[in-house]
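See the structures that follow.
In the two assemblies presented below, chain A is common to both, partnered first by chain B and then by chain C.
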Partner chain A sequence: MFIWWMLFVAVLPVESNADVDFDHDVMPVLTKAGCNTGACHGAAIGRGGLKLSLYGSDPVADYRAIALELKGRRVNLLEPEQSLVLMKPTEAMEHGGGFRLDPESEAAARLRQWIQAGAERHNLELRPKFSRLEVSPSSVVIRHPDQRLNLKAIAHFSDGSVRNVTRQTVFIAEDPVAVEIDSKTAEVRVLRGGRHVVIARYLSQVKPVEIILPFRGSSVKVSTDEQKQVFDQKHFIDRAVNDLLATLGIPISGDAGDDVFLRRVTLNLTGRLPDAEMRQAFLADDESKRRIDLVDRLLNSDEFTEYWTLQLAKLLRIHAQPGNEIGTQRYHEWLQRQIAENVGYDVIAKKILTAKGDTHQVGPANFYRTVSGAREQAEFTSELFMGTRLRCANCHDHPLDQWTQDDYHGLASVFAKIRSGQNVEASDNGQVIHPKTGKNARPRIPGVKFVDASDQPLTTFANWLVADQNPYFARAIVNRLWKSMMGRGLVEPADDLRATNPATHPKLLKKLADDFVEHGFDLRHTLRLIAASSAYARSSDSISGNESDVRYYSHRIGQLMEPEVLADAISDVLGISEPYGDKPLGTRAVMLVNPQTESATLDALGRCARKDSCEVPVSLTGTGGLTLKLHLFNGPILNQRIAGGNGRLSRLIAEGKTNEAIVEEYYRVALSRPVTEIEQRFWSQQLKETNGERRSLLEDFVWSLLTCKEFVTNH
Partner chain B sequence: MSDLSCSSLSFPDMVDSIVSLSGRAAHFIRVRSSIPRCFFLLGFALANGVTAAEPPITSLVFDPAGNSILAGSQSSVMVHEWPSLRIKRTVSSSLVLIQSLAFSPDGQKLAVAGGTPAETGVVEIRSWPTGDLLAVHEGHEDTVQSVAWIDDKTFVTGGLDHEIGIWNVGLQKPIRRLRGHSKGVTGIQVIAGGSLIVSGALDQNIRVWKVETGELIRTLNNHTRAVNELKTQPPGQGKNSGVRRLPIVASVSNDRTVRLWQPTIGRLVRFCRIDAVPLALTWGPEGEWLAVACDDGNVRGINPDTMEVAVKVSVSDAWLYAIATHPTDGSLAVGSRQQRLQRLTEDELVNK
Partner chain C sequence: MSKASVRHEGTCNGVRRRDLIRVGGLTAFGLGLGDYLRHQRLWAANDNTVQKAKSCILVWLDGGPSHLETFDPKPEAPLEVRGPLGSISTAIPGIRFSECLPKTAAAMNQIAIVRSMTSPLGEHNFGTHYLMTGYKPTPVLEYPAYGAVVSQLHRGSGVLPCNIAVPTFNVGGSRLTGGGYLPAATRPFSVGGDPSKADFAVRDLDFFQGLDLTRLDRRRQFVAALNAFEEGKTQDQNHTSDPDLERAYQLIASEDAKRAFQLSEEPAAVRKEYGGKTIGQSCLLARRLVERGVPFVTVNDRGWDTHEKLQVRLKDGFAGAKVDVGLVPSLDHALSALITDLEQRAMLDETLVVVMGEFGRTPKLNTRGGRDHWPRVFSVLMAGGGVAGGQVIGSSDAVGESPLDRPVTPSDLAATIYTLLGIDPKEEFHTDDGRPVRISPYEAEPVSELIA
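Right, the complex of A and B next:
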């Protein structure tokens, strides 16, 4: 009987162990079990003596670590079951990472088979290579929360063969509270309405899956105010925004009204509050075109140039290096000229990247004095001009993007040939060591190709970057322009564009970028385009059904004013100038060249020192943090200056204005709108019924106005 | 101090002298494990279509007479006739992994060191030539990677539990534990007439200890990656032997360097960088050359006076974990991950 059983077993059709390959079979097991995550053996220094590449980006190194190092102690070829690589994750022996692998699972069996076959790594030159991952569906709308969705992952190989790798693929929900995924079956259940992203990872590739569950399953209800909107309803921005809102079933708030629009667009384009004259002229204009005329006036103003010089100076991190104040001044002046002359952003970028010479004379050459070191220059440049975080690829291939260590060190190698003292010049000596090879890295256009040193790598890179077809350059800047105007980037964070961090409105981002390129990389054009959309003019007041929306532009997202803008606004409302270092009194904060200029007010408001990125996380664009509030409520920024002698309040009292007139003027100046009857009644009551001194009461009123959300935000 | 980087030197003769031994059937043998398989394992193997693979050779040592080469692997020590490499016998062991072998100075005892990964480090003391088990020493919490004798009754161990143990044969507990390495200890040497221990570790450091007190004398920290093995230069008998007053220890590291040290004074004598990771090393019988076994399957012969790589010999496609020098004729035994034991003559190595 036993012999018959043995014969039966011997002729069973089984997968040959020799077919089990480290790269294609073992690596997915390790990734699926979480062995190579940053919290485990994928950490920079490994864990428990075992160091694996993050998410399996380096199979060669991982094979060495698992099968070869320390005389192969982690695999037991005589008794595979006794191998550390099996016993640890199955917790057959103590494991700091806990239970990661069911010993009865297919994954454990695969690992066991690999060891039984000799724990080899196949020569991939002789075998089909993994070429791409396909996940289906890539985008789907689910109609009901009870609806289940089965994801499927297919691996494509170089010989045309495909393999269903669903069970070896790791699926991670961006928001695990909203999306539940069965790791064994890849079945997805969406628990909360909205647009969700699931990241699928197999071997070195990651793919996003977009899943939408409408909030209410209903279509968009366009408000009456919206219908009255004077702007073109066929605007492509509105089509994209409204289509997604319709899919999500989120209702749209109405138009903000002329006063709010005036304040909003003036702040966005010039960093200032509109004054009474502007308001008068605006309201006197033809209703059908008063908004677009206003936008055009602002775009052509000196104030626009000043404010958008500041915006780009923050992006470029222009700050005074010790002993290079002159250079910083030249850099700032040069930038201001580019904005004033409406030079294309592509030309600005190329001038910056290829600048050479004395930094005290050649403004853009100071770009190469902003950060020190070729690697830092590569990181800075990729974040600035490509909106991507190449820095992750310094130590390992980027776990969530295409960037490899070759890309990172290759781009660093491009910049290594720049010598950056007071004179910025090309040098033959600079090199960057590639940590993988220990040899000089080859100059490389990231994600594209290596460049020979004789082919002027820096010029080649600059030309590639600003080319019309470049997939990063235009998107990175239009996303930032959008964020500046709308309060939230289509991609957040704005310097983290990648396939696994998709835009909320991918087609809109592409269309904006294409349009930007078509119009000569014209910053003003894109800002005008956004300002002309209904989405931009939307009220910040939520309505029933869109209260929780902070991503899809169903209502305006309020932005806390930038420190420089808020400081200037406070000065304007109080009528008292703020001193900035040794600058003449009356200097506006937005015009300061050096972010280190002495100012306790700007420090308290949280200005960016521009030594690192000044990208503001979207979570802080609303009302600021507790520190800022405490400074405003209790600190000297407002309290000392409100009580100051020569400001607006003193003048109004001296002119014999009534309380009502004073309230009326402050509302117009601070909030850019008339005071309502209810508000006027409230303040009249407050100022009359309290028994305090009149001035003190009015100071309290001004304090109340300047600390309210309506003032400190662009809403 | 003279630091010479050999990577920049050219050796026109080297290319001509590269000898691939993979085809020389007379000089290598694929070692078959003698581990008995139970009937159940047979059934399991049939069901899966293959038998388990052969484990790597992890340590090599010549018997004192030079008639045999002992190869440590998983669970057993294979004794091969030298130079034919024919298997003479197998010494079974209770150790899951054997990582290091060493004969006592009198040649009467063999220390077999290893253990169970991540659980215990064990040293078996066996009589030689019978192979009978004399004592078992357990005390490390991970495998013992290296063992060396201080005298005929005392030996020292370095384990992946970061510790060094000094043991008396027969005593269950170590007479002294030396703590200081922050990662596993991979190499142990005893120098200066048995008064000093030199240890190399994964923490990139080489440390020098007093045997008598366990005091850490100094740390040599020039390596920039893990130290894989240490070997002491044998006392020379040639024309230059008189000037070798201080003991010299060679180290190999994942930083791809081979370094020579005078541990008694803490001096890095010289070093060279090679284009592969050196995993193990051995000296010529009189310390006149160094042979380094590397992860690219090559053995590199190095002149210790100049640190020039004089020859590179291709031995295998696999990592070379172990290498040992015959005590008299200078030929080499090399062991690889593919459990191939190979013989390399001194002529092939030093390119005479």
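Right, the complex of A and C next:
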């Protein structure tokens, strides 16, 4: 009797807490305390016997684990304080994960109330559902490092009600050295200038917050070099780029000048150095429109088609499977035709996704022979066409994105119905097992809806993907076009678009994508747009105050030439072709269909084998640096042909040209500019022959020209 | 913003003393002068106090080695945990290794094992970044791997690179450059090729037909002039705007340095002792390099991502093998020979040997007879270089699933390795844009029991 009375007393005061619910009240406490991270109970097989879903993505399972398993131990209805779920994190009892929860805190009180009220999970059908997290401010400029900022998180529910969940929200700064966040009050201090991102997590949702603190002591000096009236000063790209630079207080470098512009845009659009005729035509053109005329000429050239076929072939990872060289050839030819005819990127994608038939005849059908396995196909397709990494959602719901295991295995299931041998065809029995249910996964449009197997899931997916409103498709490709032209993606890495990895210029990315869609998914249109901006034409020389900027385009980001482009440029300057495998001499590296074509030169320069993503240039990770420089000194890559008898150098010498004339020609061909007076003076000094070694002096000059930074970069 | 940047004197980076201080423009070098001088003092101070390792050989088992089939066997556990391999005793009573490690087991007096390594990162690229830098990966900054930090701070002599990978630094899915935010010149130099092959040689060390040192010297000076013109400087032939080109030249110019790579100079008996596999001959090459003053060598042994057929991959080598030539016996040969050889040459005390991969493997065998990624607990081996041998630090639970006591994070391990190498893990570098970054994370604590 006495015990019952005790219980009664204990329960009575919290009657008003009957409203405390598992999903809305308890889950945020667990997430905030870090219980369900991958390092703790959120791991695939849990920890210390307790398994929770990663970041609380599966409340049903978590409720079962906490309230129903080990009944009376994890939650003790009779003696709430004796519940493991309270004792462990407060370290009232030994806990492998240490002290996670202050017993005096509001969060602990909430847990206690929930247990006292019966540890229930309310029937969600009858209750308002959590629909959306709103964090304010979502983007803010702080004027002074001492200024404090308070973040606020509001949860919206299906019945229109809202709740302040700031205290239950986890805020994580991407750069903890730059941004300090008080985990209790969500008060933010910004310690370093720049644009910073904070990720807010409440229940299953994540939202980014952008915080900008202008660099100290900098005042914006806008470039005076605005004489080039060719370009619309109201260009939306320039508005976006310059606005952010002004906000950050980063000064802007001037215009690159016509010679540099000519070299830059010719490399970007055709993968070649401009030749003498092009330069002549360019400079002969009216100054007010010579740049845009040039861009248009380049966009309409065959060289553009060749080079951009290579760009897309890299994205599509076109490489020959053993025995399928013919198919690869067909695929490449088909792609080249699409580019030549300026077919919309949406149409290209749809043709690829829905291609069927003999891969030796139907080029795009080879898409289904690029990777093997339905899951791999889903990962590849999402990275390629959506710029997202679905692959994390193979084993668990994506912790930083919206992707769930249903999405991953659902998309894999869409591809499971395709049989891909020499013939790519639909099949009835392909299935993918969902690891959670152990049953066949249902085909699904990721993030949207399930599709009945009878409803042509593949066509449905393709239609959804290329629809005007699709949030990923256009963004993924314009971000890559931007990266190719500007040296850095608005989102990096370019295959990792997600809310929690926001673009440096989110509005610009959206506008570029919208504009791309409005213009019929026209690749040339967007490239032209970018080429016509002042941001694109900026000098690569930094000025005082913008030296360390590598992401806001205050000055040009220099790009190392791609291996294929560099190899071709070397051949062009030397006037001797490089042999590639059994291809006819004179074949250019950018035209090689198969990245396995034998070439020690392309290997040394670090070409992408296209078996995996080419997103990270090999030259940055593998054999660059010292290895390449040793090879330049002593390998055949330059030496063989420089010493060879029938190239440009031999011809110029045979024609009786002076050293001055030779230097002048090489500067024009290799660096696409006239040699300056100081440079010419230097070379005539250096090349003065002493004892009949003129040729070797000139060879050394050519070698150094092909090795210097100005040559090997697009700057 | 003109700032003082710093070059290292006459060193692995191949830059001469007169280039020590140069003002302006050289943003490729992230260190400010203040840092440099402080580190010089720091290094010198440490030289006087405790005997510390002068160099480090990191044997990287790429893909994530199974702790249960190497240094933390569970002979008492049920078969699905125990796995296909047996266990043997070591020179220290009570400590057992996998049956495939008899030679290493015999050297246990020199060896310390950490059996309670723990990390949350079970993906190759992430795990590799964490284990190789001591920092969890972030989108904001790539951190430098050990070799780059050592390279950045080193003031050795000679022209061999400070940070060398044998055969290549292709680790953890190859996203890692190894240099992080430090200058590109600190990245590991991959020797390439296969040291176990008879014709092994580092490419491009010998002159191309018709060239000689005079011409290479002229070429390098021409490039320096061209780069100086491009940067808008007055022509200056001593201007080295391309440190890699400079290092390449110094290496080619030094016959002595090039001999370091000549494995054929080693007696046949020594070569045999290390075993005929790539890992063995790579360890031998590593010894030759540290012998000549290279402070950091990564021996990268690939293929440890054993999701299937443990028996074949780890022990036999191939189906029906008469002699075990799998990953673990090959490691056993290489590692025991390395430790013995270093000891006989009186180099073990000043050479730190670390053996690890990016994570361990799942306690239970999967349906393909393999083990999947398991970062929650795994083992790391250390020997020489001031490590207190003959001990096991920490332990895993009965099935090798979680640390049982003394959990050690990769950050702690990093702090330990740096401390042994005489580098204060609390010191800071500055990145190009002035951000201060500690050599090891704030929370990193050196494992004091490991330090003799």
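Assume the second predicted complex is superposed on the first by the 539 of 715 C-alpha atoms of A that agree within 3 Å, B and C clash if a C-alpha of one lies under 4 Å from a C-alpha of the other, contacts with A are read in each partner's own complex, and residues count from 1 in each chain.
Convention: a contact is a pair of C-beta atoms (placed from the backbone, for glycine too) under 8 Å apart; a residue touches a chain by one contact, two chains touch by 3 or more.
Nothing here was measured: the structure is a model prediction, and the numbers come from that model.
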| item | value |
| --- | --- |
| Partner touching more residues of chain A, whether chain B or chain C | C |
| Partner chain(s) touched by A:429 [first = chain B, second = chain C, both, neither] | neither |
| Touched partner set for A:123, first chain B, second chain C, both or neither | neither |
| Which of chain B and chain C A:469 touches, first, second, both or neither | neither |
| Contacts of A:548 with chain B and chain C, given as first, second, both or neither | second |
| Touched partner set for A:175, first chain B, second chain C, both or neither | second |
| Partner chain(s) touched by A:161 [first = chain B, second = chain C, both, neither] | neither |
| Touching residues on chain A, where the partner in the complex is chain B | 6, 9-10, 12, 14, 16-18, 49, 64, 68, 70-74, 76-80, 82, 84, 87-88, 93-94, 113, 115-119, 438 |
| In the complex, chain A residues that touch chain C | 37-39, 43, 47-48, 96, 174-175, 177-178, 192, 501, 541, 544-545, 547-548, 616, 620-636, 639-640, 643, 676, 678-679, 682, 686, 696-697, 700-701, 703-705, 707-710 |
| Residues of chain B that touch chain A when the two form their complex | 33, 35, 43, 46-50, 52-56, 58, 74-75, 96-97, 99, 117-119, 143, 145, 160, 183-184, 186, 202, 256, 295, 319, 321, 337 |
| Footprint of chain A on chain C - complex, ascending | 1, 27, 120, 122, 138-141, 161, 168-170, 174-177, 184-185, 187, 189-190, 192, 203-211, 215-216, 218-220, 222-223, 225-227, 229-230, 232, 235, 241-242, 244-245, 247-249, 251-252, 376, 402, 432-437 |
